[in-house]
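Two complexes, one shared chain (chain A), two partners (chain B, chain C).
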Partner chain A sequence: MDLSSLLEFILQYLAVAGVYSLLAISMNVEYGWAGIPNFGKAAFMAVGGAVAAVIATQIGPMLFLGIEGAVPGTLEFFGRYNGEILPAYSQNPLATWGVFILSAIVGGAIAALLGVLFTYPAVRLREDYLAIALLMSAQLIWIVLRTVKPIMGGTMSLILPSPDFKCIAAAIVGGTPPKILVEAIRTGFIWLLVLGYLLYVEKLMGSPFGRKLRIVRDDEVAAEAYGKNVVRARLEAMVVGSFLAGVAGAVYALIHLRSVNPDNYLPDITFMVLTMVLVGGVGNNIGSVVGGMVIALVDRLGYMIGTTLAMSYGVSWGGYLNYLVYGVAIILAIFFRPQGLIPEKPVKTPAWKVYVELTGRRPSFIQPIWTRIKRGVGRVRSRAQESA
Partner chain B sequence: MEFLIYSLAWGMALALMASGLSFYYAVSKVANFAHGEYVSVGVIAYLFLVGLEYGLDKCRGFNIVNYAMLTLDKLWIIAAVFIIGGLVAAASFVVVFWPLMRRGASPLQLMVVSIGLMFILRFILYVVASTFDWLTLPSPQATTFNVAGVRVNLAEVLAMILAVIATVSIALFTTKTLLGISMRAVADNPDLAEASGISSFRVQLVAWFIGGGLAAVGGVLMFILTGPPGERPIVEIGWMNLLSIFAAATLGGLGSFYGTLAGSIILGLAYNQVAAWLLDIGLDPQLALAVPFSVTLFVLLFMPQGLAGVDWHGLLARVQKKVGLRGGGGVGGSL
Partner chain C sequence: MPKNLLEVQNVYKYFGGIRAVDGVSLTVPENSIVGLIGPNGSGKTTLFNVISGYYKPDRGRIIFDGKDITGLKPHEIYRLGLVRTFQNPRMWKSLTVFENVIGAARDQKGESMVKALFKRLWRKQEEDYARQALHWIDFTGLDPVSHMLSSSISGGQMKLTELARALMSNAKLILLDEPAAGVNPTLARKIFDGIERLRREYKLTFFIIEHRLEVLFDYVDYVYVMHRGRIVAEGRPQEVAENPIVVDIYLGG
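Moving on to the complex of A and B:
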């Protein structure tokens, strides 16, 4: 393997890891911070993908290209879409970016709306019911996408116009850019989004809103006693998580896969994202990114091992190895490390800053360990002197 | 009429699987997403046992369908499937759930761990099914009878008989036998039950065994009735039915057996009617799955206790008052 193909492999891996990290962060808001078992994550991603498909085929051409759109599932669709619309997109890089930005915003908004709608029936009940309701909603969305042809065109993969990174690369080096640079810019863009997600969620979780989510997760009764509206807090967490998932769904469809197919949104992907959060760290956003990177690697390795098994030993079940890996990872994580690789950290709230300003010293729980030991030793010594 | 019987049998097969779930849910309070895999275990075990009987070499791939026809002399296989499903469920309880429960895991953690278990079981099933090339099969035939001019097949008969027997015997078991009564004690208050000398482990083990066995038998009957799940591999039959199972159990009020039976029958009739109607107007009958899902959301929103939580005596009395009858006490069925 020469250097450039190795570099390309690493870049592709990083791109997948970045997309998975986006999903894991959005899951972490719900599962890690608010304690909501969102088993319907696939549905909110699917919303992003469906909006991307509708915008790329029907609204985008009218809005950005000035030609009439084509409705998937109709007879003349493929002729018009492949012959007229996709070439027009490739001539017009700005239009592809328009499609991406519009579908990210609209997809996120619709996903947030659906997040409230699906959670509302079971939000007052035990977590089991909530999980079941969300899972059912996801399955319903999947069936609707499969059967309603004008959204994604049924079960055949629909190629989408991916945002054009080639023109950015061309603007940097001029002429026809090397393929590796285009890949690098694409990967860089995904990780820029990851950074944006991280900053946003970290900021949000350090705010009173994040503290409210944590008290609701840890002790519902205490939260109510403090005057927090438990139902409202959960719904708000779902809005944030689903919005992030909807945007990530648009990224997944337009930048990662560059196509949509209802069967990309099976519950398997929900549980894959859940595994990332469990492995990386429940309630820790950096942990979610680490989980995303680990699972992307496992995914890649599992695929390679599976194909090798099939090629050289004629074993037909190699493709299902991922199930075994996810299952074992989930069970081991819950048994031996329920907090994940990187555990949750105490929130750095402004409250202790005020404390420091007023008293001039740090509160005991974030004082360095040696001061606490020194104080303890001193206390023991003085007590010994008293008794002597 | 035949369609009505088919829908009824569909509902009864669902009832078998759902009452398995609500049986151990009542005792252990675990929302077990691996329940669907017990169903698939039943199907694969049935095919495997049929293969053992006729020689595994002859039963590779599509050939198994001819041998797997459900006849009266295959009843022992159904019984064996019950035991295999029960053993798998009991093993998963002993290895995974019981250690976690003893450590005081939250319901959320138990639910998540059941997903891990589901993946592992599914992997094993995929290995078995793809070794014998059984991933996509049409549904096998079943012996048909002619009862008063109506054609009924054995799977339908078995589903109805077994569902009724299971429900009644579970109800008798939990009210009349010592083990059943201690089961209810554990369900109500595990600590108090332990304090009065009931081994909560043993009681839960029995509940999981019976629950898994019912799921496996229900799975075999469902497979013969409906065939493979959509366009998915046969191994996912449990997963595709899992949400209907949860819907039936929730509609019945998780943990109530008559409620589960009633809920399953209602869902079976509604689902199949809607599916037929959708086919008539030229839509994909898969959309009928919206029925169980929306019923569940409705139930969760308005009556989270399910059918078991409805005050049937009060309702009956009110209806009788409206109609003008003097209602006698104890007329209403206690669900």
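Moving on to the complex of A and C:
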């Protein structure tokens, strides 16, 4: 393996890890913070993808290119889309960004709406029933996307105009930028979004709102007794989680895959995201990112081993090896580290500052990270000295 | 004559053929401590669940502070100033004791999913609530464990946390379901001393289910006795203690 293909692998890995982290953060809002096992995560991503497809084919051309759109599934669609619309997008970088931004916003909003719609009938039920209801809703969305051709064109993959990173790269180096730089900027953009997600969720949850979600998750009967509207709290978590998933769906379709296909949104992606949250640390946002990075590594390695096996030995099942690893990862996590790689921390609101002031006590979880690291290093060092 | 804070008017609650609450009427005057006793399965906790909104009564009305609260949801009843605790402490396990207490505060501005993003809208209230929470933690003697996870404290401390949460809610009427069950006699007396102090200093009203009559009778103003879903006796503690029906229920089963 030479240097450039290694670099390519790393960039590809980081891009996948970034997209997975977006999904894991959104799953963590629902499952980690509010205790809603959203087995329908794929559907909310699919909404982002579907909106991206509709905007790219039908609304975008009119809005950003000034030409008539084409409806997928009609006879003249491929001729017009491949011959006219896609070339027009490639001439117009701004239009591709318009498609992305509009898709992210509209996709997020519709996903949030569906989150409420799907959850409401089952929101009072026990967690497992809610999970089943969401799983079925996701299957429903999948069937709709496969059969209603004007959305994503049915079961064939539809190429989408990805936001143009080439012009950004060109602006940096001038002339025709190397492909690797374009990919690096693309990956960097995904991670910028991850950072945005993290900042938003950390800010949102480091508040009485985050505490309320945990309260509802830990004991809903007591939550009701102490004035929390459990139904409302769960729906709020679904709104936030589904919005983030809808935006992530647009990112997945437009920036990462650069195409849509209803079969990209099967339940396996839901459970992969759930594995990330379980491995990374239920209720910890940073943990979700770590989980996303771990599972993305498994995913990439599984893909590589799978293709190698298929090409060298004619083995067809190699591509499914990573599912085996996910299963083992879930079992190992639950048995040996149920709190995940990075465990949940108490909700950090300004109340803790008052607590420290008045009691003079400083619980370890509110100490700044460097103090904790220093203490950890000191402990390791003294242990090393003892043994020496 | 003080006004009645809580009036339960002819309330019925059946579960299939089981008459859990079978036509109960009672009143809890403002700033009083009223006890509710009766053997296991006599419907006391069901009555609490009906009052606090977990069950809708089949018939009858519940008036709290002049308002009809029949059929309201528990969190709506809470906002009117009526809070209940649980027989088996229901802690928010992954939260610390301090968070358990402050989390029960009423009308937190930062609980809105929009306002939560703007700290300046709720910081002041949150800090005030933190001070208030620490006050109640001191009051209940939970100070040494306030930074610990509520799942790691003793059963008695959980009971106290329940009480501190109820106090945090700034309620007028607190329904306590067996506050002294399963704790040692000294702590049981301490808990009731605290309740007495709260009534005196904070003008709170208590309605208490308790099996430990020897403790309860030293503190309550008035006692209702339930048996098979009905109120079979009522009166001042010494009257009730001497009532042959009560003696029969407790000793004769």
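The rule is simple: the second predicted complex is superposed on the first by the 350 of 388 C-alpha atoms of A that agree within 3 Å, B and C clash if a C-alpha of one lies under 4 Å from a C-alpha of the other, contacts with A are read in each partner's own complex, and residues count from 1 in each chain.
Rule of thumb we're sticking to: a contact is a pair of C-beta atoms (placed from the backbone, for glycine too) under 8 Å apart; a residue touches a chain by one contact, two chains touch by 3 or more.
None of the values given here were measured: they were computed from a predicted structure.
Asks: First (chain B), second (chain C), both or neither: which does A:Leu135 touch?
Replies: first
Asks: Can A:Met304 be said to touch chain B (first), chain C (second), both, or neither?
Replies: neither
Asks: Is A:Leu195 contacted by the first partner chain B, the second partner chain C, both or neither?
Replies: So A:Leu195 meets neither chain B nor chain C here.
Asks: So, does A:Phe271 touch the first partner chain B, the second partner chain C, both, or neither?
Replies: In the superposed model, A:Phe271 contacts chain B only, not chain C.
Asks: Please work out whether A:Leu204 is in contact with chain B alone, chain C alone, both, or neither, and reply first, second, both or neither.
Replies: Touch status of A:Leu204: second partner only.
Asks: Now for A:Met62: first (chain B), second (chain C), both, or neither, which partner does it touch?
Replies: A:Met62 contacts neither chain B nor chain C.
Asks: Determine, under the contact definition given at the top, whether A:Ala122 touches first (chain B), second (chain C), both, or neither.
Replies: First partner only.
Asks: Just to be sure I read the superposition right, which of the two partners does A:Tyr320 touch: chain B = first, chain C = second, or both, or neither?
Replies: first
Asks: Mind listing the chain A positions that touch chain C in their complex?
Replies: 200, 203-205, 207-212, 214-215, 217-219, 221-230, 236, 239-240, 283, 344, 346-347, 349-355, 358-359, 361, 363
Asks: Write out the stretch or stretches of chain B touching chain A in their complex.
Replies: 31, 96, 99-100, 105, 107-109, 111-113, 115-123, 126-127, 130-131, 133, 239, 243, 246-247, 250, 283-284, 286-287, 289-290, 292-293, 296-298, 300-301, 304
Asks: Touching residues of chain A toward chain B in the complex: what are they?
Replies: 35, 37, 120-122, 125-129, 131-133, 135-137, 139-140, 143-144, 146-147, 267, 271, 274, 278, 316-317, 320-321, 323-324, 326-331, 334-335, 338
Asks: For the complex, which residues does chain C have touching chain A?
Replies: Touch residues, chain C against chain A: 52-54, 73-75, 78-79, 83-86, 90-96, 98-99, 102-104, 106, 108-113, 115-117, 119, 122-123, 126-127, 129-131, 133-134, 143, 146-147, 165, 169.
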